[in-house]
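You will see chain A twice below: alongside chain B first, and alongside chain C after that.
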Partner chain A sequence: MRVWLWRALVLLAALGLWEAAARMLNPILYVGPSRLPAALVRVLATRDLPPLAGHVWLTLGEIAAAYALAVAGGLWVGFVLGLRKSLGRIYEPLLATLYAVPSVVWYPSLMLFFGLGPSSKIAFGVLLGFFPVTLSVLAGIRQVPATLVAVAVSMGAKPWTLFRKVMLPAMASTMVGGLRSGLALSVVGVLVGELLGARAGLGYVINYAYGLMMTAEYAALVALVAAAVLLLDGAASLVEGRVKRWAG
Partner chain B sequence: MKVLACQALSVVAALAAWEAAVRSGALDPTFIPAPSAILRVFGATLTDTLPRLGDTLLKTLLGYALAVGVGVPAGLLLGSRPTAHAVAMPYVVALYGIPKILILPWIALIFGIGLSTAALAAAVFAIFPVVVLIAAGTRDVDPTLVTVAVSMGASRAQVGRKVLFPAVLPSVLTAMRVAVVFAMLGALLAEMLAGNRGMGFQMQRTALAFRAPELFAATAIVSAVSISVVLFLEHLNQRLGRWR
Partner chain C sequence: MTAAAPIVIEGVGKRYVTPSGPIPAVDGVSLTVRPREFVSLLGPSGCGKSTVLGMIGGLVRPDSGAILIDGEPVTGPNPRKVALVFQDPGLFPWRTALDNVGFGLELLGVPAVGRRKIALGLLEPMGLKGFEAKYPRELSGGMRQRVAIARALALDTPILLMDEPFGALDEQTRLLMGEWLVGVRRRTERTIVFVTHSLHEAIALSDRIAVMTARPGRIKDVIEVPLPYPRALDGPEAVALHAKLWAQVREESLRAMEG
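This part shows the complex of A and B:
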């Protein structure tokens, strides 16, 4: 209870400091929290900005497509490399090495190949989401106790039963963590792509507001997107918690 | 050894297949140039790239120093004070989760399109993983170690140097390795978004000019540099691990 009180105090203090600083500084550059609601209303009423709904749906669609492809590709590569140990020993280090490259270096090439439309954003979201999913499947398979597999096989478990009853419970909590970071990174990938050059989508609207120096609207949009991202991640963490309880 | 040979072989095979695909017309060289075409412009791109890459690495280094200088003490503090951890950690995790790209335009608006924006972007990207990893590592230090040392008459300084420092060191080193990639990411992104110099700007411009071979060569150079930095830090990590 006391912790909650302190947290609320910290939040209030931060907002107060920001407000006080913003009032003393240039109002174009520094937008205090008190100006956000009005700006948000202006953004939603779309008086000066492109209508928001279409851009939001486009961005959501890009994220959904990117995440679906990242999960499909990540699970497939993860299981192939994890179940065939000889392949895993060769290719897992290569994957881990690529993970050490700052991902944004791939974006210009993707933009060149896929153009400025939605596909380059989806491709970048897939690329970012793919790695945590793959690596978590590989880590999860390593956590499956070999003795349990041996016992189940010796008792005549079919491959599907083996997977469903032995492997999945052992690897679920690691895997679901990777699926959650994959979702977060797919969102980041799509947003980065939209901000670096797009003709539509939330990132485009943010750039538009910023480019016209409508900083209050820009700040309101950023707060909106940040809140949406945190909500999405919160929902993912609830799912993660449930799966972890199920897996024990 | 055999693994290494197989890895080398697969890379060579992939490059050969790529080359063949371009030559046979399956891939359009306007978008995906053949490895041989990339190799031809590699030397020229390298001489053109190195000063820009140096520019970007300087920004990375500045931001990295800022992130480590602020993030390590903050992480140690949050890790060693349970109340502070309970109060502040949700905010740190939330800030870590928000895509930092969103506030880059604002940073660029305030600090212009030069060195300070990119360095600050690098710091903003790198500081949160540092704080989170070090706070977690500090919390994991076994309290009995401290109790034993104190009961045997160790002074505060001795506890810090002989017990806490070696116990926290691995997480500090991991955080420092992870943070390099994040810092470089932030610097490159800032240059792509709002820059007129540096590697990120250069790559974005090359892409918009449809100079695919130069772009692929530049991508390969940046990747190679960041991989070598990470491998070097990993090596350092292992050396220090043995010392421990």
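This part shows the complex of A and C:
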């Protein structure tokens, strides 16, 4: 309970500092938190900006698609490389090298391949979300204690049973961590994609407001995205905590 | 329970391939374990004791020789005849003590009600009554190992293989677990092969002790322990036996240390 109190205090202090700083500076460039609610209302009402709801849904759809593909691809590649040791030895270093390259350098190529529409944003979200999922599967497989496998095999477990009853639960803690990071990065990928060049979506609206120097509206939108991402990650962290407690 | 089974080990050998070349772990080990007998494999670290046990359990395939259980060659794990206990209890952290004990039965297709009954029947005499619903992290080291042993006993196999099962426990717990195992054995009439590097443990528990050489592991000597249970380890016979065993193990341990 005390921790919550402290957190609230820190948050309030940060907002206070932000407000104080903004008030001392040029109000066109610096927007304090007190101006955000009104700006948000204007974002929703104004005809200078594109209507928000459609863009929000589009972005959410892109995130859902990107994350679904990142998880599907990440799990598949992770399990293939992790369970087929010979393949893993060949491709794992490659994967690690690719992961080390700042992914944003690929984005122009993705725009060339997939165009300005949602596909390039989804592709970028997949690219970013894919690595943490894959790497967490690989790490998870390595962390399955050998004795657990030996126990199950000695009791006659066939490969599929071994996978389902031993490997998966033993990997769960590590894997949910990767799934959570993957979600966060898929969100980043889609939003960054929209900011760098799009004709629709939340990132596009943010860019649009910024381009028109509607700084208060811009700040309100950013605060909205931040709140949504916090909520999403909070939910993911609850799921992660549950799985970790279950898997011991 | 099926009748206790003899284990015939016929000249088994095993080499492990490492980056620096093949290492012979076990070389020409032959030993016959009689039904209901308690045989310890005793030897220095790395002498291949665990490998021999793994071969009996069907987890390790011998490069040469064969192992027969009830006259049939071992080709893989056989949970209806052989159960294994490892040094690390290897309990599934996401399962309660009860569900851990029921794991092997689950794989054999025993329904939940039957599993529960068998598991409860095993946990109670092991002093784990009231701990059925606890998770491994909530149990002490000795309790965990007892749950692991219960999980092996649950399969009701005629043969139980134990790979230094008390090796990770402290001295006191270890002694108590040994006494407890003597009791289990008397009640259940199993054939037990027990890997250890503790002379005391081997003397306290075994009908016969097979002393193994340093790598590559061979059987150096097989020694009878004709003492009644419970055994006093400070009695003259036990002390003499200890001295005799130590002379043999010391020689091999020195060889193992010198590489």
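Methods note: the second predicted complex is superposed on the first by the 240 of 248 C-alpha atoms of A that agree within 3 Å, B and C clash if a C-alpha of one lies under 4 Å from a C-alpha of the other, contacts with A are read in each partner's own complex, and residues count from 1 in each chain.
Here is the rule we go by: a contact is a pair of C-beta atoms (placed from the backbone, for glycine too) under 8 Å apart; a residue touches a chain by one contact, two chains touch by 3 or more.
Keep in mind it's a predicted model, so treat the numbers as computed, not measured.
Superposition model on chain A: chain B and chain C are shown accommodated side by side without a clash. In the overlay built on the shared chain, the residue A:V188 is in contact with chain B alone; chain C does not reach it.
When the two structures are aligned on the shared chain, A:A157 is found in touch with chain C, with no touch to chain B. Of the two partners chain B and chain C, more chain A residues are in touch with B. In the superposition on chain A, contact is made by A:Y210 with chain B only, not with chain C.
By the touch criterion defined above, A:P169 reaches chain C but does not reach chain B.
Residue contacts after overlaying the shared chain place A:L196 against chain B, while chain C stays out of touching range. By the document's definition of touching, neither partner reaches A:W57: not chain B, not chain C. Touch criterion not met for A:W76: it reaches neither chain B nor chain C.
Here the vertex is the CA centre of chain A, and the angle it makes with the centres of chain B and chain C is 90 degrees, a multiple of 10.
Our summary of the superposed model lists a minimum C-alpha distance of 11 Å between chain B and chain C.
Of all residues in chain C, those touching chain A in their complex are 57-59, 77-79, 82-84, 86, 88-90, 92-94, 103-104, 106-108, 135-137, 151, 155. Every residue of chain B that touches chain A in the complex is listed here, in rising order: 3, 6-7, 10-11, 31-32, 83, 86-88, 90-91, 94, 97-99, 101-106, 109-110, 181-182, 184-185, 188-189, 192-193, 200, 203-204, 206-207, 210, 212, 215-216, 219, 222-223, 226-227, 230-231.
Remark: chain A residues 3, 6-7, 10-11, 29, 89-91, 93-94, 97-98, 100-109, 111-113, 184, 187-188, 191-192, 195-196, 206-207, 210, 215, 218-219, 222, 225-226, 229-230, 233 touch chain B in the complex. Every residue of chain A that touches chain C in the complex is listed here, in rising order: 145, 147-148, 150-157, 161, 165-166, 169-170, 172, 246-248.
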